[in-house]
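Consider the two complexes below, in which chain A is the common component and chain B and chain C are the respective partners.
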Partner chain A sequence: MARKATNTFTHLSPFQRFYLIAVAGLIVGPFIPLIIQSLAFRWAWPNLLPTVWWMEQRERSPIPLAWDYVLSPYSRVYEATFNTMVIGLAVTVICLAICLPAARVLARESFRGKSSFEFFLSLPLIVPEAAIGIALLMIFINLGLAGSYFGIIIAHLIPTIPYMVRMLTAVYQGLGREFEEQAMILGATRWQILRMVTLPMLMPGVVAGALFTFLVSSNIFLLTFFLGQGKIITLPTLLFSKISGGTLDASAAGITLIVSLPGIILLIISERFIKEEAFGKGFGN
Partner chain B sequence: MTGLSKTALRKGLMTAGALVLTTALAHGDEAAEQFRTDFLGGKLSWEDVSKRAAEEGKVNFYYWGGSDTINVWIDSVAAPAMKELGVTLNPVRITSTKDAIDLVLAEKNSGKGVGEGSVDAVWVNGENFYTLKQQEALFGSFAESVPNSANFDWNPDDPRSLLNLRDFGVTTDSQEIPWSGQQYVCAVNRQYVDAADTPSTFEEMKAYLEKNPGKFTYVKPPHWVGNTFVQSVMYSFNPDGNGGVPFQQSIDDLGAAELARLIKPGMEYLKSIEPLLLDADGGKPRYPEDIAALDGMFLNGEVYFNCKFGLYAVHTGLQTGAYPEKAEAFIFPKGVMIANKNYLAIPANSPNPASALLLANYMASVDSQASKLQNAGMPVGIDVWKLSADDAAKVKDAAPPLYGVTQAELDANVAPDTNASLVDVIEATWLEYIERGSSSSIEEIVDTMVKQMAQ
Partner chain C sequence: MTQVQLRAVRKEFGSFVALEHIDLNIASGELVALLGPSGCGKTTTLRMISGLDNPTDGEILFDGKDVSDVPVRDRNVGMVFQRYALFPHMNVEKNITFGLRVRNIPAEEVEARLEEILDIVQLTQFRHRFPAQLSGGQMQRVAIARTLITKPSVLMMDEPLANLDTNLRGEMRRFIRDLQQRFNITTIFVTHDQVEAMELSDRVAVLFDGRLEQFDTPDAIYHRPDKISVAKFMGASNIFQGTIGDGVVKAGFADLAVTGTQQFDAGEQVDVMVRSEAIRLLKQPQDGAANQVEGEIRTSDFFGATVSYTVQVGDHQLNVDEHSTEKLDPGSRVFLQLPGDRIWLFPKRAN
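Coming up: the complex of A and B.
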């Protein structure tokens, strides 16, 4: 695969190459100054590179600088990563548990008010997050849920469920009833059908939906900020408190790089998994 | 079947909701309420407090977490010290102190009293303290009842006690305890400005900017650092020539017309330097929104001066690389370098009030103050003249170096900060007259603002 790509690249016209490089530059480009900044001690305009690097000052400084700070417990990066993961996983699991049955109904059954129901599904995506956040905070304070993991997980379900339902509904629609009926005719029990027919065929959609939900949850700032009340920090809230000043020092740049890691990892996983599942042995072929 | 379960579910939900609401509204923690009454009534010994604190075992300290050096000090020095006292310090870093104030008030409004909220102690001063006090959201007068209160001067007859008794002109009533003292100090980049050209008054600054346009700007109000800059301009151009003295009164005592008269020359000065500030090019300048933005401009040589609170800001900036190599402090504006203190307050709905008192007492100790000064570059909040010779020496030895100025020069140019009730009016006037470029006269603007605030 990789060899084929390099071969064909030389056959591209200069124009085609230019566009590819431009796209790559726009995607990778922003990371380069971030990486440099994360290693800098003093980097002022108009110098192209830092005048003093972190490594030069490392021994002399009484406080941990740059990556020493980012990777120390003082930066709270570990705590934030752990929280982001736990919340993201919980949100994904709950979201799937709610959306799988719901998507099945939406894809297969017709009932009165179905189209307006589908319209209302996207409402949480239209209403500004700040409005939802403040309203939820008032309610959650009364319920004693503010500043708790449970409260944040519930809040994260609001913007993730619409996406998940839509994705799974589309997958269910693509999966005809015939497969399940066939299995039933052949004498499979309901459980067997679910386990051996429906779920494997839904798998690419479920994985894509789950990855997407996790990614959305791990990026939600405002709702987490409101409901976490500073007690529960996640990677986005940690990043915000570091860069809200409007400047990016070395430790802030390091935290920014760390915050973008989960997304990159998930992107790689999903690229591989979905390709193999959907196009390797997926349905339709 | 479905109908039945639906009704049952709805009923269940309603009962659950009602239950939660009633528990939230009732004063649940009577033991904490009793503790508060007893402590404030002077019925408890410090042993009693320590004992209850050990039972509580935890203290949630909310503070502005934007400084790496302070964060490291809290985690590596304060937390272990509190652990030794039997209390786990839970430092909650917040982006803006107002977030903690909003949280305290939101919880108070949903009926959460002593022992039931989530904030035990908060780092505050000025407006935020004023808000808590006005809303009666403070634990009570504790500062003079903790053992380390001996490190502060509480004698109202001694003028040096002013900053312990008044916070932006608002009486503290011991409802907060000083944590650190600060002074408004400007830094200059010696790479561009030599000593002979360095201004020491606002007129000289204007003359400098006429020759070197765009090389100065200040943090814009409503940020408190911006407000302080504006206040020092108001003091300097006070038509009566008595600096900050009249600004110590509240707006009710001073009156709108008198305030307008006092601030008019200052506001006109600020308007006149606008076209000379950063990127103004004769038009509208660029004002940084906060300290970090101004630090960035200073580092990048966009501006040659950096005015903010921070006796040791140059030291910290050089240590972290946030300041240019040739940065040093200078005396500006002469005679009106505003000094104040910042404090630790305990909210009325503190969930662990005894631990909060223990924390307040620890933070007021000579050891913690000296260590904070040395490691985080935060000036002490305790009063050195109240300390024993040994302790005073300890504080002196812990002080980081000053660059370009001496402590004596800084002390000689101290000015008090502005009464909190005037701060709002001056801030609103700046926003209206300078930022929005209102064509109304200062008198009209001040009058409208005062009326608005009174509502």
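Coming up: the complex of A and C.
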């Protein structure tokens, strides 16, 4: 069914080739100096490549340099990665638990004030994050939630829920009632219907929504910065503390690369999943 | 083998009355069609028998027992949806065994019943395919198998032939009939297609605007409709006004001798119906023939086995279907005979 990809670009016109290279360059381009920087010891303008590499200085330096520093406990990268993962997972799970039933109602029922409800749903995306962050911080300090995992997770739910609800509502709209009704007639319990029919059929949307939520959560800086109060660091806040001085040294470049890893890994997983999903469903439709 | 009864069933959706006082007695093992135009309440009736919807008023009985409080999953009914509702993420096997797996039936029994039903619906070689890889007819057979494997007491089908192409419809019709007789299962199906209803069912329930108009055999519904609305819905007819005379009905173009005028008062206004295939069309007049009128062919449409003519008789136009052995051209003079025992009179009513 899928067209076979050809191995060469010979059938493309010069314009098409230029276009592809430009897009690839814009996406991959910024990573190249970052990778070089992370391996450099001294790299100053106007040199195209570092004059002194990290490996050359590695033995002589009394303190860990570049990747040695990034991967050492001093950098707090492990701690930040762990926090980012825990918060991201918790936010994703809670967000799904809230949004699945909400999306079901929004997709299938009509009620008074539904359209204004849908409008207010996107409000968190319109209000600046800084405003939300400051307001939340004042409340959370009073509640004793500032600087706690719980506080950060709640804060992360604010910008993620609108996306998730919208995504799942669209998926639910595509899923007719008759599948669940058929399952019910065939003798399935509510739980069996959810487990065997509804969730598997919603899976592509749920996975896409979950990956997206995790990515958003793991990239939130401002809310985490305000509500973590320096007690809880995640990859974005760690990165900010390393580059806020205005310079990007080898270790900061290394951390930057690590911060972009979760996104790349998730993207690969989702690509895989979506392909397998399409294959499992057979051809067409 | 279950007898299904609806007693004074009424269904409202908000202020909209979908069904009004429906009484229906469906015998055990009977194949019944619910026939009517879209929005007449036939699908609602099906959904209430299945338990997916509950009547606002009245009761539904299976074998004399009220099932109103029995939840859907315990009602032991089968339903084949119009678009089959096959689970797209399960293959044919998993789809068919769904109803057994949710009831925790032992794997050996599931396997045995699967083999048996796959053989009946002739899908054994497709057992590992996914719904998207099946044709419309195959999908329908999977949907039927998935329902029959649970041994339901009542089988319901929503527009069973609507999504199939013409060639497949005939095959599927025989298939459904065979299955129904083989399992001897009370079957109710919904359709808006008169032909489908007459071909497939033992009895037809005609529904208009949430009201049951007539419930009878296909033959009676077609040839002896209770109401002019049913007569109109059941196919090509000539309907015109008449006044009752002495053993005749006075139509504008002729006085027609009709059996059954005695149930009306002389001078009463009636609706007169005669089916287009009941009228005989002749090139020469027959001496002494009753109800013979002369006319001129206006249009003729060839349909293969039959030709449909419109014939101008006085200031009336009559539709006539004839065998196509000889096709007459517009402008031809012809003689029409309207058999007195195939003319139906209906009292004038609001409808």
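We adopt the following convention: the second predicted complex is superposed on the first by the 273 of 285 C-alpha atoms of A that agree within 3 Å, B and C clash if a C-alpha of one lies under 4 Å from a C-alpha of the other, contacts with A are read in each partner's own complex, and residues count from 1 in each chain.
Assume contacts are C-beta pairs under 8 Å (C-beta built on N, C-alpha and C of every residue); 3 or more make two chains touch, one makes a residue touch a chain.
Keep in mind that this is a model prediction, so the values were computed, not measured.
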Let's test your reading of the overlay: on chain A, do chain B and chain C clash or fit side by side?
fit
For A:Pro62, using the defined touch cut-off, is the partner it touches chain B, chain C, both, or neither? Pick first, second, both or neither.
first
I'd like to know which partner A:Arg42 touches here: chain B for first, chain C for second, both or neither.
first
Would you sort A:Val28 into first (chain B), second (chain C), both or neither based on which partner it touches?
neither
Of the two partner chains, chain B (first) and chain C (second), which one does A:Val52 touch, if any: first, second, both, or neither?
first
Please determine whether it is chain B or chain C that touches the greater number of chain A residues.
B
I'd like to know which partner A:Tyr74 touches here: chain B for first, chain C for second, both or neither.
first
Chain B versus chain C as contact partner of A:Ala131, first or second or both or neither:
neither
Using the superposition on chain A described above, determine whether A:Lys231 touches chain B (first), chain C (second), both, or neither.
first
Chain B to chain C: minimum CA distance in the overlay, Å?
22
Which part of chain B faces chain A closely enough to touch in the complex?
20-21, 24, 60, 62, 65-66, 68-69, 71-72, 75-76, 92-95, 99-100, 103, 106-107, 110, 112, 118, 288-293, 295-296, 299-302, 319-322, 324-325, 375
Chain C partner, complex, touching residues on chain A are 176, 178-179, 181-189, 192, 196-197, 200-201, 203, 280-285
Using the touch rule from the top, collect the residues of chain C that touch chain A in their complex.
50-52, 72-79, 81, 83, 85, 87-89, 98-99, 102-103, 129-133, 146-147, 150
Over in the complex, which chain A residues touch chain B? Could you list them?
40-45, 52, 57, 61-65, 69, 73-74, 76, 137-138, 141-144, 146-147, 229-231, 233, 240-241, 244-247, 249-251
